[in-house]
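Chains: A, B, C and D, in written order; residue numbering restarts at 1 for each.
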Amino acid sequence: MTSVVFTEGRKFDLTAIGRLCIDLNANEINRPMEQTMTFTKYVGGSPANIAIGVSRLGRKTAFIGKIADDQMGRFIRGYLDKEGIETRNVVTDTTGAVTGLAFTEIKSPTECSILMYRDNVADLKLSPSEVDASLIADSKALLVSGTALAASPSREAVLLAVDYARRHGTKVVFDLDYRPYTWQSEEETAAYYNLVAEKSDIIVGTREEFDCMEKFEANPGHDDRITASKWFGYAAGIVIIKHGKEGSIAYSVDGQEHRARSFPAKVIKTFGAGDSYAAGFIHGLMSGWTIGKSMEFGSAAASIVISSHSCSDAMPTAAQVTDYIERCGRGEITAG
Amino acid sequence: MTSVVFTEGRKFDLTAIGRLCIDLNANEINRPMEQTMTFTKYVGGSPANIAIGVSRLGRKTAFIGKIADDQMGRFIRGYLDKEGIETRNVVTDTTGAVTGLAFTEIKSPTECSILMYRDNVADLKLSPSEVDASLIADSKALLVSGTALAASPSREAVLLAVDYARRHGTKVVFDLDYRPYTWQSEEETAAYYNLVAEKSDIIVGTREEFDCMEKFEANPGHDDRITASKWFGYAAGIVIIKHGKEGSIAYSVDGQEHRARSFPAKVIKTFGAGDSYAAGFIHGLMSGWTIGKSMEFGSAAASIVISSHSCSDAMPTAAQVTDYIERCGRGEITAG
Amino acid sequence: MTSVVFTEGRKFDLTAIGRLCIDLNANEINRPMEQTMTFTKYVGGSPANIAIGVSRLGRKTAFIGKIADDQMGRFIRGYLDKEGIETRNVVTDTTGAVTGLAFTEIKSPTECSILMYRDNVADLKLSPSEVDASLIADSKALLVSGTALAASPSREAVLLAVDYARRHGTKVVFDLDYRPYTWQSEEETAAYYNLVAEKSDIIVGTREEFDCMEKFEANPGHDDRITASKWFGYAAGIVIIKHGKEGSIAYSVDGQEHRARSFPAKVIKTFGAGDSYAAGFIHGLMSGWTIGKSMEFGSAAASIVISSHSCSDAMPTAAQVTDYIERCGRGEITAG
Amino acid sequence: MTSVVFTEGRKFDLTAIGRLCIDLNANEINRPMEQTMTFTKYVGGSPANIAIGVSRLGRKTAFIGKIADDQMGRFIRGYLDKEGIETRNVVTDTTGAVTGLAFTEIKSPTECSILMYRDNVADLKLSPSEVDASLIADSKALLVSGTALAASPSREAVLLAVDYARRHGTKVVFDLDYRPYTWQSEEETAAYYNLVAEKSDIIVGTREEFDCMEKFEANPGHDDRITASKWFGYAAGIVIIKHGKEGSIAYSVDGQEHRARSFPAKVIKTFGAGDSYAAGFIHGLMSGWTIGKSMEFGSAAASIVISSHSCSDAMPTAAQVTDYIERCGRGEITAG
């Protein structure tokens, strides 16, 4: 599969840029959060989860981000260090910013929501001059999370990081990760998502996220193929459009269309599914697998995470994913 | 004791105005917060704690405040309702504000700190036109917490509430409760603290808090008597200056000075001591006790709270306080 | 007249605090501003005009304020110096603030409007620690303009200045000068106007301005006498309520009511009438004249200013006012 | 000359997007502004000046921008209408924004400065949804002024306008027009200037402005050729780098380098030189002239404007420029 070819011989497989925050997951689940009395703390944020996931799968990863100068920030740095993720470009804020929080509410396996604390958060204060170009030059791929584009100066830091990636032949993986809060308007979102997508090699998002990018375009039927084609006219090699339970479709620049089977799971909550999928898929591509096999691996990794209480902490190893696929094959795991 | 005489025959003993927030108390204590993995949720905020404390002591209370339109806000309203506190003037924010958070870190019984989330909080968005004058007119006393003066429009709401109190003969109890965050400058703090203190019947604060108010005054020796005298020239009947472990001194407008003994406690954390003391003291005064006896009752209530994991939830009933005083008298409780 | 007695033997008759800005007056008048091609520059701002007016009448004045670090700011300081006004407490901003501007539009003598530039203005950046208490202690009176209460930190600077005035026996003259822009809400305005009015010896404003202060009061008939009485319950000795063309009424704490005749004028524009009136009235009171005679003198000064192109630059000397009154008496000046 | 080929048969030659403001030019010149007493009002702002200049040269132009809902805004619209510029996409602000102001100070012909009012200005409030794609589709070229990128939502409106231009084959002329105020940081400026330059057909700026864009690049010698080459790798056909008195150099994608002679002038002030140069140059290119001849024409137009009191109002007709060139040729005009 040659739709996206990574430059070999680099020190890091993946450098992720963007959000580092704290998940506070309800311990008493299957009820509204008003009735939850205790919460467990985990590292969170989509790019953090993906970096942790890729690292668990045995790959060298690094992170570019900003943390608060408080106990939450120090917990995040300590956790990334423990996971073997390079944190020399994880900058500590000096302006009194706080760590972003996400309290999860799990009313039922299919009815989950998040209560976010995103005012004055450290992750959005990463500035262009703090981005280490050498780290990007030393990586096969740069993972960009769309939420990091939501405000200045993080927005400009990401735009510069993408620029560095293109200059150094580092592939750009753009995970749309659209969260309405922190954005001022849909027009603003569309403007910046398009600027980054134009320079990305791999673009991953839900149908709704791609619709959001196409606010000023003509795609009235929300046609996946029209969406993907646009980006093949720029830099993209692979465009993945996710349709929730109906599964995902990957389009590649060679005109192919790829689908992968999904795996059963005893679902606790749906959070983290996308992040573990992305981690597994990137691992597959970097391993030289076909797009189809990479998608399948990502899919199995996602099933493991949604069967667990946390996102970051539940990211599986390659052996665990392989084992899960085999057990599903033997019918040992069924939906619950 | 006639330094402050409450108007009898009113529907409510106390209406508190100001902060309603959430405490997230570390479950694993005696360690830095970086190592704390789970937290338990409680209603928090100094005026909330005092209202809950006074209610537990058997008195009719009400609250004037603003909560976020989210699960945390609904939890707060539900808890106040359950405690029998009138919440008809607890307004729900419609601007997307969040609930203030306080994560507690308990390294040791004497080394405690708080990690605050105070950006864009609902409690500071209470506006003057939302203050219900009839609730204040129906109360013996209005409890004002200084933190509610930290930003507009909550600041103006409190100034108006104090104005209503004076027009209706409702006594104003001003708990300085100074928290540096959210204030722009010390000059700003001094300006507003003085404006409210000039119209207060009872003023309670630490020596440091009174120093803060006297920024533009001449009291170089930080003399308690000079501090108290100033306010007797305005509306005050009682001024209580707290000196931490050295205990508190209450000055009354009749020239008297009152001290109360303290009680032993097996201290878990020091948070909430001031709030339970205030609740107990107000209950005593309203019961017609002497200032000395009221202080003693407050002191015992404080010892109960600092021996517990929470602030609000640990507020004792009158029977519990009396029992605690008796057990201390019998030597059954010793410092731990 | 003893409703307000000034302390004699002070270095300054009047210190004004608040707005220093620039008026840009249309040279081509009696047309909409769209058709005005050139503008003439003058020092402006209500308290600046009053200080200049009182100085022209032969009295020692000083100013407490803040100017931008630009050509407009330097022009203002130079003009005040030239007028003999003490400017040692006119602070130069260092944050990049600009000088407030007021472009006047004179469609006809009775149809005038102002286009204001009030974003990021230097005058509202005066902070409490910049207020020189000794200047206030050395003055017979402190003139406070309500607009200076519209934003922090100027708001707190004024509150502190009033506090200094009361401590030092300096009379507080409060010119309501309400301008809707820069205020967040009517509730906010009412809150701060009341706080300053409670501590003022002389309060001057239009009926509409007093209504604005009484937002949370019961004065449905907008009765001047009820309005004045409230303030006699605080510190006020004189309350002047202006009714535009119907003239002004001054109420004094001794229960008297005073009206003064007005003078004819060949009106160019109405701007500056209130400021010259205030300057003349203060001069009269300080000269030991009756309230009635002081009002008459203010009224004549106002007629001179509205017959001229500027406000500040047209402020008359005592000889000019006396001469104007005499010429009116001889029928030499008629309305035009 | 085929480095940039405009699509023929379009209704408008040029649509400009960005700043519409007011110049207040000192009438008493050759002195510091402190001593200037009167000012004359003109329409101003770089893209406004260029649009007016191109219109005066006989071409159809349109404007995309936002004006304040006040007398200054209405004056601007009226002036553009009078000049025959299409204003249907000049939107009136509804949020209380003001018109940007520029007071000029002319100490000597070579010592000029500007005092700007740029807080809360209407021009920076233009939003993406207000940009009329059909106007851009109907134009040969879109003129973008860099200052419009300084803040949201104007920034996103410009990014979208450029996107529309590229989709419709409308050439993008990017006038860097860098003004430090209103930008948060140099990094921010570099990020957005690069994003627009990547999509521009013609880029015009001073050496300092190009340095500003190259903040994260390696061009230590500030080499014009390196600068120009970068943009030929994107969409640019012509890059013009201005070196003040040393003249300008135009680089074209065919590898050529062009310089033009300059013309003498009796200089009153230097403001407006760049705008009239741009207008003349665009007119030349659109007339099918060589780059050299177009530069010469722009240069003569600039000499006319700097010999006059205003910028916009002094923009010459084609006949005036031709006449000026001829008179210079006959030695009738010499530097003064």
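Note that a residue touches a chain if its C-beta (ideal position, glycine included) is under 8 Å from a C-beta of that chain, and two chains touch if they have at least 3 such contacts.
Protein names from UniProt, one per chain: A, B, C, D = 5-dehydro-2-deoxygluconokinase.
The model shown is predicted, which means the values in this text are computed figures rather than measured ones.
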*From chain D, which chain is the farthest off, judged by mean CA positions?*
B
_Gap in Å, rounded to a whole number, between the CA centres of chain C and chain B_ = 42
*How far is the middle of chain A from the middle of chain C, if each middle is the mean of its Cα atoms, in Å?*
61
*Among the residues of chain C, which ones contact at least 2 other chains?*
none
*Touch-based graph of the chains, sorted into line, ring, star, complete or other*: ring
_chain C - residues contacting chain D, complex_ = 24, 27, 32-34, 36-41, 70-72, 74-75, 78, 98, 101, 103, 105, 115, 117, 119-120
*Spell out the residues on chain A that touch chain D in their complex, using ranges where they run on.*
127-129, 133, 152-153, 156, 159-160, 163-164, 184-185, 187-188, 190-192, 194-195, 216
